[in-house]
Structures are given as C-alpha cells and as structure tokens.
Amino acid sequence: MVARLQPDTDELPFSDTRIPDDVFDAMRKKNLARWPTGAEIDLEEAAAYHRAMPQHKQLGWVMRQADAEGRCLTQPRGGFGTLELQKELMVCLDKEGHADIVPTTTDSYTRNEQWENAARGIEESKKAGRSMLNGYPMVNYGHKITRQLIEAIDKPAIVLSGTSMPKLTCEVGFASGYSGYLGSGLAYTTSYTKELSIEQGIRNYQYLDRLAARYDELGVELHRRQPGFLTGTNIPPCIAILTCIIDTLLAVGQGVKNYGLELGQTLHLVQDAAAIKMARELTQEYLNKLGHTDIFTPVTSLHWMGAWPYDDAQCEALVAYGGTLAAIGGAVSVTTKSSHEAFGIPTPQANAAGLRSTRMAIYLARHIRLDSMPEFQTECDMIAREVRPVMDKILEMGDGDVAIGTIRACEAGVMDIPWSPNNYMKSRVMPARDADGYLRMFDCGDMPIAKDVMDYHHEKLRMRAARDHVPFDHELAVASVYELSESLETLIPFPWAAE
Amino acid sequence: MTLIPEQRSRLTLITGVIGADTHIVGNRILSMALEKEGFKVVALGALTPAEDFIKAAVETAADAILVSSLYGQGELDCRHFRDMCIEAGLENILLYVGGNLVVGKQSWDDVESRYMDMGFNRAFPPGTRTPDVVRMLDEDLKEKAEGAAA
Amino acid sequence: MVARLQPDTDELPFSDTRIPDDVFDAMRKKNLARWPTGAEIDLEEAAAYHRAMPQHKQLGWVMRQADAEGRCLTQPRGGFGTLELQKELMVCLDKEGHADIVPTTTDSYTRNEQWENAARGIEESKKAGRSMLNGYPMVNYGHKITRQLIEAIDKPAIVLSGTSMPKLTCEVGFASGYSGYLGSGLAYTTSYTKELSIEQGIRNYQYLDRLAARYDELGVELHRRQPGFLTGTNIPPCIAILTCIIDTLLAVGQGVKNYGLELGQTLHLVQDAAAIKMARELTQEYLNKLGHTDIFTPVTSLHWMGAWPYDDAQCEALVAYGGTLAAIGGAVSVTTKSSHEAFGIPTPQANAAGLRSTRMAIYLARHIRLDSMPEFQTECDMIAREVRPVMDKILEMGDGDVAIGTIRACEAGVMDIPWSPNNYMKSRVMPARDADGYLRMFDCGDMPIAKDVMDYHHEKLRMRAARDHVPFDHELAVASVYELSESLETLIPFPWAAE
Amino acid sequence: MTLIPEQRSRLTLITGVIGADTHIVGNRILSMALEKEGFKVVALGALTPAEDFIKAAVETAADAILVSSLYGQGELDCRHFRDMCIEAGLENILLYVGGNLVVGKQSWDDVESRYMDMGFNRAFPPGTRTPDVVRMLDEDLKEKAEGAAA
C-alpha cells in the first residue's frame, strides 16, 4: 500500500505566494520518499543532465525560438505501458511523424498515484504483448531507465499527465530529462478529478511549479504548460482563457517564467484565431497588472477535443483542419490527434500520419492571418468583454490573492466549467454551437457576464434552434456535444433526394 | 417490446464511470436520458471504484448496473466485476458495459467477447446512442421480470 | 479502321455564330455514322428519357439549385474499362462517397476516337480482371447499355472526357442520360492535344454545344462545363479565367445557357477565393458586354491539379484543404481527388474516402467568407487588371468574332497557356509560386499585361528567390512544379536539428 | 561513375510520351534536364505513337529511348516496344520507361517486372527525379560503350 500523501494544508496557509525554500525542501523530502524511484533523484545531477542537452532538445528554448520565428510546431500525444513500446512509439513519432515535440503520456493509474496498479499493468502488458495501460508508467520505471526514451529521440520531450496529483511524476519526469510538462491546478482539477478540492489541486501544482523554478535557479529553463482545453467539450474561449490567466498567475507566483497556454479548438476558423490572440493578450494584460512583465506565454492550439466522428475520412478532415486553424490562428504549436480518435489510442503509425497531415496543412496555411476581418475583431471584443469582469471579480474575491480568489469563485460559480466531473464545481455553464458554427453560452450559470453579452449569445443560439426546428433549451447543449461526431448523412445529406 | 414509464419507474439502474476514469460527459448524458425515459437512476459519476457500484446496487436493490469505461483501462478495472457481484449476492443482476472498452482501435467482436467472458450481459461499442440503450434495457428487464415471475 | 472525321471546314466558314439547323443535321448524320452505337441514337427518344428523370438527377437543375441555396456540391472523377467495374464504382461513389454528382471518366483511346483500341482494352481488362483502360469506353458500349449506369445511381451524372474530339462521345453520353458534360474547345485543345489546331478543337465543341442547345429546345436543360484547370500545372487565375470567358462566349454562341466554369485550386486560401469570385464576375461582365444577360455560370473549384505528394498523409491534407478552399471561396461545387493521386487512379474506396473528407471540410467551413479582407480585394483587382486588357485585345483581333479572335490570339501568343503540349500554342508564359504561396507569372510571354502588374509579379517572385537563395530565373517555374509534391523533410524540416 | 559533358555530347537520347498520353510536364522537364547535362536530346513531346520513337531512333542512330507514360495505359502502349525495336534493327538499344506506368496504385515490384518482361532495361517509379535518371544513363551507357569496345 502506498503511503498516501497528506494534504500540505498543515504545512502552509493556502495562498498564491511562493513556497519558502526550507518548506519546499521538507515537502520534497517527504514526497520523494513515497516510492523507491523517488529516492533515487538528485536535483543537481538532473539539472546538469539538462544543461548538457543540445538547445534543440530543450523545450523552453524551442518554444521561445518558434515564437520568434513565427513557426507552428507539431506535437502528438502518446503513451504505452512498457519502456519498449514507449521507445518504439517515440522514435516513430520523431522520425515518421516529424513531430517537433515528442510526448510521453502517463497512464491513468500513475496519474492517480496508484503505482501498484500501474506495476500490475506493466506485467499484464508484457504478458498480453500489447499495452494494457493508456500511458507510460513513469514513476514505476524511474528516471534512470526513462532517460533511455529521451536519448532515443532528437527532439525536445514533454510529459503529458492528466492529473491533479503530479508531485512524484514531475520529479521523475524532470529528472529524466523532459524539458516540458503539461498540467495545472485549476484546469486539471476541475476537469480530471471528482473528489479532490480545487485548493488541493492548486497546492499540488504549486509544488510542481516551484520545482520547475528550482531548475531555473540551476540554469535550466523548462517549459511549463496549462491545459486550458479543460473537459474538451465545447469550451467557450472565455472560459478556457480565464483558466489560462489564473493558472499562469499561480505558476508565476512560484517563479515560473516560460508558461504555455493551451486552447482546444472550437473548430471555427475565426473564433479560434480570436481565441488564440486574446488568450495571450489577456494573460499578458493581467500579468502586467500584477507587475509581471517578463513572462513568456506562447499559445498551443489543440485539435478538436470533443467527440470525433466514427469514420476515418471525416477524421482526416478534422486532423488537417486542425493544422489550418492553428497555423492561421498564429499558435506557436499544435497538439495533434489521429483518425483513430473516436475508437482508441492510435497506433504509432496512425499517430504519425496525423502529425504529417497536420504538418502539410500548416505548410498550406502559408502566412495567412485574419486580423483584418471585422468578424475577427468582433469575436476578440466579445472574448475580452466576457473575460475581464469575471477575472476582476475573482481577484476581488481573493482580496488580491489569486489562489484564494479562485477557490471562492469556483465555490460561488463565479468561475465555472462545462461538463466538469468535480464535486466542487457547479458546472452550470452550458455551451452550445450556433448556426454559424461558433461556440456560444446557452447558460453562463453564475458567472458575472454582462446581460447584453449574454443576449448576443442567446440571439445566436436562437437562430440555431430555429434552423434546426428544435426548442431553445438545454438539449441544444447535448446536441452540440454530439454534433462533430455525427455521420455525414446527418451533417450534410444530399439535399434533394426523393424520399 | 418497449416498457411504459410506469413499469420503468419500478426499475433502479446504477450508472457510473469505473476506475480512474474521468470521462463523465457520455455517462452523464446517458444517465440524464435514462431518467427522462422513466427509470430510477443512481448516478455515481466519474472515477468510481468497482466496490462503490456494488455497494450502491445492494443498498438500492438495483435491477441493473451500467458501467462506463472510456479511458482504455476498462479491461483491468472490470476483470472481476461479476465475481464481486456474486460475492455480494447479486448473482443475476443485469450488467452492461459501454464506452471505449479497450486500449486502441480493436475488432469489436474480440472486445465484446472478452467482456462477455468477464460476465457482462451486454457490451456496447463506441458511438452507442441512448435510445439504443433504452431499447435494450426494456427488452432485458422485461425478460428478467418474466423469468422471476415463472 | 474508323472512318476518320473530316474537318468541318468544308461545311462552314469558321466563326462564333450558331450552326444553322440544316447544316447541323447533316453534321450529325455524318458523325453518328462513324460507329455502330452512333447510329442507334434517337434525339427525341433521348430527350424524353431525360425529361422523365427526377429533377434531382438533372445536373442543370441541381447546379442552379445549389447556387441558389449557397451549397458546395462534391464530385469525384472516375472511370474503369468495363460496364461492371464502372457500375460498381459509380454506386460506391454515390453511396459510400456521398457524391452529389457522379462522374464517368472516359478512357484515353475513346478520347482520341481510337475505338478499336478501346475495344481491345475492354477485352484485355476482362482477361486481366482489372481495368487496363484509364476510363469507361462509352462509345463502344453505346447508350442502351450505358443507361444501366445512370439507373444504378440516384444522383445526377456527368461525363468527363478530356479530349478535343468529343463529337460521338457526347452524342452517346447525352443519349445515355448524362445531364452534365465537361469539356471545351479552347481549354482542352490547348491542354490535351499536340497536333490538333485550336480551330478544329473549337469547331468540335461548337458541335457539342449545339447539340446541348438542341436538348434545350426539347425541354432538357443540360449542364455544360469548361475545364479552366487547363494543364493543371500552376495556372495563374487570370489565364484560367480568360479561357472561362472565351469558352463561355463560344458555347453561348451555340445556344447554351447553363455553363459551368472550372478552376484548379492555387492552394492559396485568399487567391482561390478571389479567383472563384472574379471568374464568375468577369465572365458575366463580358457576357453582358455582348448582350447575354441570362446565362448561368456557376464556378467549380478543383482539388490541386498539379503534382501531388507521394505520402498518403500529406495528400489527406491536400484533399481536406481542397474542400475548405472551395467552400470558403464560394464555389458551387468541388471536384475531388484522393490520397492515391500521385500513384494512380484511385480504388473506389480511396475515391469515396476523398469525397467524405472533402465533405467534412465543407461542413467545417461553415459560412466563412473572406470578402472583407484587404488582401482579398487586392487579388481581385490584380486578376481584373490582368484579364481585361488581354480579353479586349482578343475581341479586337477577331473584329468582334470570339472564335477568330481566339485563334489569332493563340497564334500571336496574346492568349497563352503554361506547359501546353499543343504545337499551335507558344506556351511561353511561365508561372511560379511566390514566398507567400500565391501563384505569380515569372514570364507572361506575349500576353498584353500592363508593366506595373508584371512588376508586382516579379517583385513577389524575387522575394521567393531571395528566401530560397536561388537565382531569379526559369528554374523558379520548375521548382514550383515540384513544390507541392515534395516530402515534408523538404517543405518544413525540424528547424534546429544539429547537422 | 559519371560521364563528363564531352562524353555525353556524343550520346543521343530520344524522349517522348507514348500513346494517347498528354502528360508533357515531367517529360519536358526531364528532356530539358538531360540537355542541360550535355546529352543530345531528340524530344518528341506528348501523344507520340510507338512507331515515331523508333523512326526517330533509327534516323538519329540514338543510343537510348526514354519512354514516358503517365496516363495508365502504358501497359498496352508499350507491350511490343522491344520487338518493334528489334524489327527496326535496334537489337540492343537502351530502353527506359518511367511515369505512372499502370492503372492504379500497384506494388512497384510487380509493375517493374512486367516492364522488364516487355524488354525495357529499366523502369522508373512515380516521383523519379532527373538527377537519378542522369546517373543511371551514365552508368548504363558507359557499360554499353565498353561492351561495344570489347
């Protein structure tokens, strides 16, 4: 039985301030002791390992460089249950997929710190000859073995671990030579957990961010990243961006300077471009408000995160368009999916094909930008008008402390997230797609969004209800969950066939 | 052979997402739909251990358990589910499972038979829509009722 | 040995005027006598067959309806060497591909009126159990058998027969119940033939158009179409559009009223949208100039017609983007390709997959239009400034007769086409792609295009030469032929890898 | 083993696109490239009957014929090409063929062996670039020259 980690509440009052060095040292000691591979970690040695890597394998540098050169990098997801399968996968994504950033997705037992289950999964996978885990059990293997993965590729690597309990995984990940790490306290806790409090989730990521800052102090700039895609299910830009701002402020509080913002695609060319632009602008706006002028916050655009169609050919269009949306939107990187999405974790080959198709789409996007379109401006303005009142309210509720403001706001529903599994969230906000394909809010729950703004959302959704001859009610939200996964017969039938 | 709301209201269904699986959207839509169709639904939500399903089923004398598994590790999470039911005295409770039941895109026939072997009465492939689930429940629970009557 | 068709020069002086009824009757008699299946044709009976078809199987009506409803229809290409294979193909494209318009591509022997070779091809195909012909030998089968194809589908059907000798194929095609027919005198003769004169090619299509008009007189509105994609190889919009205008005027001269304009995609989102808009606008402009106010000229956008990549995943991006370009550009229909393009004629399944992926991309394009973008306006203006002087010069050279003006203009190089195999064309115009992905002209040959316009083209291409560190010369045109077929390593390598 | 321009200038190559095939772009680029590299090139262009290739080869005492076929019907057009060469007294003229040599996406090995059986010395798959062609010509024609010397 694993020694479950005691909440750190006893150690420090909850706030957005930096964890003091001595407290952090104590926390690390306790944390690393929880599993044998934790005890093996030596921070100094790990930092030296990072510093010895070529620049082009360090994601912190690569993201800054891509942003400076106006590139859109590609990154897939991918994790299998054994070292051998994982190595094969990463090499395939690097060489056959031309991935600019190579991922390691951890399995869900690891994410939930159920390391014995993960150990069982490794054995079962070896027996079955196929992966029984949905990711790589990084903690079980430990950093010494896992470095083989980093050394097998010639690109920077990132850890993808959808969880609110990252404390040991991040220690092993960074020590292994991963220079990127995805995850944050608000976004993941609201989207990936049920009983964990937002406070506890934020505390856990404060640990992770404090650790990243430690590497900084040792001359290693890591790339941290926030999963603003949340529950992946019709997230309106304003809600994603609110979490971007909050998680960034929390990370910066721990000393992080290289922090990415992830946005799931709405699949509307104009709305996505507006969201990408405003995510960075509004995050910088609040950073500046709070006196942070040197934080790098590149945006990553993610291929559609909601339900995918059950037809490879339809998926291929979503994959390619995902590259188009990211590139035309000006994202610094795009996270890709494959034509297997609706069925299961893709094979390395299908995953690599998704990368290549996306890469070609990025090439075809050339230097096109939409900033000169009035519709683009309208969306940008709407987003700003949705985000600012909520964000200001959150800061106000925390009396200036973002961490405290956030949990109070979540409790009150001032900060809300659609389709959240978390008991601490109201999850009353209900998004739906309008007749032009924009994501709108049918219901914004208790979020303080101006009436005229919500009127705009409702007017658009009424037009959709009218078009589809359905009532203007919650069912619009459910239909919107299914929409992109529907068959072509449903989406665009031949219009004039004799019945 | 569909049941009328009255008949359904006498039937209790347990729903939830098993294991460390956070995918709540489909499970929630399904639970909402079943309730709307008249069933009594006890929705355990995401990240639900196998034990909790069975505890809830015993407490509510449920007629069926609908297990969701999306994240791929269902094969591990569901392995002993029927045995646990039997231990708990739920010999012939109706067991459904649905979602993305294995890791990766595999032939559905293989997947289905694997879950049948685990003791589930029915397994449902990715993309299953709620009306189909309702139809199956009506069918299976009517049969069961008659079986009991006999 | 087939009785080769004598040029009609003996019958009529060459001009753009309508062929008189009696002359046309004589021409038809002579033409139909050339092959047994020709003799079987009865125009009245055929027209009645068309009139009996449901509206949604009549392409003339379907194109008008799609235009009115703002739809973008999908149409693949496809032809196999036997009736059985062709039927299977068309049913697959209709049912599995959801094609809105179902094609029948003829084989190249049929296109060149080598019907004995085609007959041999049918036998060889039956022996080999696979198609040895690159299309369906329509004349050999004749209209009685070919009607089985029309009856096997529930969509309108179109004949695709890349040739300048369509006179018997069109008789059989229309009699079979095809309500659409692609091909024209200027476009096909310049792009598909070597020794045939432009005059002869135009004469042959005057026959076809006159026949279509006959059906009109009998109450059947057929959809005629012009292949402005030409040699498919980096055709600048202005050149495609010039052929659209000329071929339209020639067809209208014979009484055609429902005439489509086809444009191969440049693969630049803005340039394609501009080309689609201006093709229709400028064609209508010249129709009105010449007093024709009731001609329907919808635009069809074609998936990239130049060299494709040799990687399925890259091709999938070209396929999907092809749907995006057509839909956002406002085309009334899109002609699709597949991920097999670079290798060979696709299987029915690959062809259907290309259709579905394109259809999904069309759905994702929603109602987006680019008209409000300044770059879009710039391209529209450039196209107009390129087309008008040349078109005016052509009309002038013909003393008002488009037919005569056209052959004189081709002789003089005033009308020119890149990469033409035809001996009567100068083919001095040399297109190349600029640094932003727009197609420009490195050399416009003897086309009367204003100096400042060409300066603009050259400036853009100089920027490309500078970017690629290559001289500003003809090699730019050759490199541009290969560009889209290059591997991803060549197009966007990982930028910072250690050498 | 590459030849120098001087040596190449003594070699005559016939190029063209066989049959009813209009695909001139690649053939033209190839012909331009070969000329640039020093070979004497007689370019027959698109839509060239097999007979014309051979006539031109006889008239110019050519060292090699490079047949392009893109449109898929090359298998029919090229079937008796070597026999016709032999009849014309061109027993051991070097014969290359390239392009999209068959209808549809087929395994290259099959396609290649089919054309070898027809008597071509080399067949080139879709996507062949001109430098590779030049390298092969240098190799094969040098061999041939030596063969003749012996």
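By written order: A, B, C and D. Residues from 1 in each chain.
The rule is simple: a contact is a pair of C-beta atoms (placed from the backbone, for glycine too) under 8 Å apart; a residue touches a chain by one contact, two chains touch by 3 or more.
Every value quoted in this text rests on a predicted model; they were computed, and no experiment measured them.
K.L.:
Using the contact definition given at the top, which chains are in touch with both subunit A and subunit B?
P.N.:
none
K.L.:
Between subunit A and subunit D, what is the separation of their C-alpha centroids in Å?
P.N.:
Taking the mean C-alpha position of each chain, the two centres sit 56 Å apart.
K.L.:
Measure off the straight-line distance from the CA centroid of subunit A to the CA centroid of subunit C, and report it in whole Å.
P.N.:
45
K.L.:
Could you put a whole-Å number on the gap between the CA centroids of subunit B and subunit D?
P.N.:
Using C-alpha averages as centres, the distance is 67 Å.
K.L.:
Treating touching as the only link between chains, describe the layout with one word: line, ring, star, complete or other.
P.N.:
line
K.L.:
Per the touch rule above, enumerate the chain pairs that touch, sorted by label.
P.N.:
A-B, A-C, C-D
K.L.:
Considering the complex alone, what residue numbers of subunit B touch subunit A?
P.N.:
Touch list, subunit B to subunit A: 19-22, 24-25, 28-29, 32, 45-47, 71-73, 75-76, 100, 102-106, 126-127.
K.L.:
Of all residues in subunit C, which touch subunit D in the complex?
P.N.:
Subunit C reaches subunit D through residues 107-109, 111-112, 114, 117, 120-121, 124, 130-134, 162, 191-195, 231, 233, 307, 310, 340, 342-347, 350, 419-421, 478, 481, 485.
K.L.:
Name, in rising order, each residue of subunit C that touches subunit A in their complex.
P.N.:
On the subunit C side, the touching residues are 54-56, 62, 65-66, 69, 71, 98, 100, 154-155, 267-270, 309, 311-314, 316-321, 323-324, 328, 352-368, 370, 372-375, 436-437, 488-489, 491-498.
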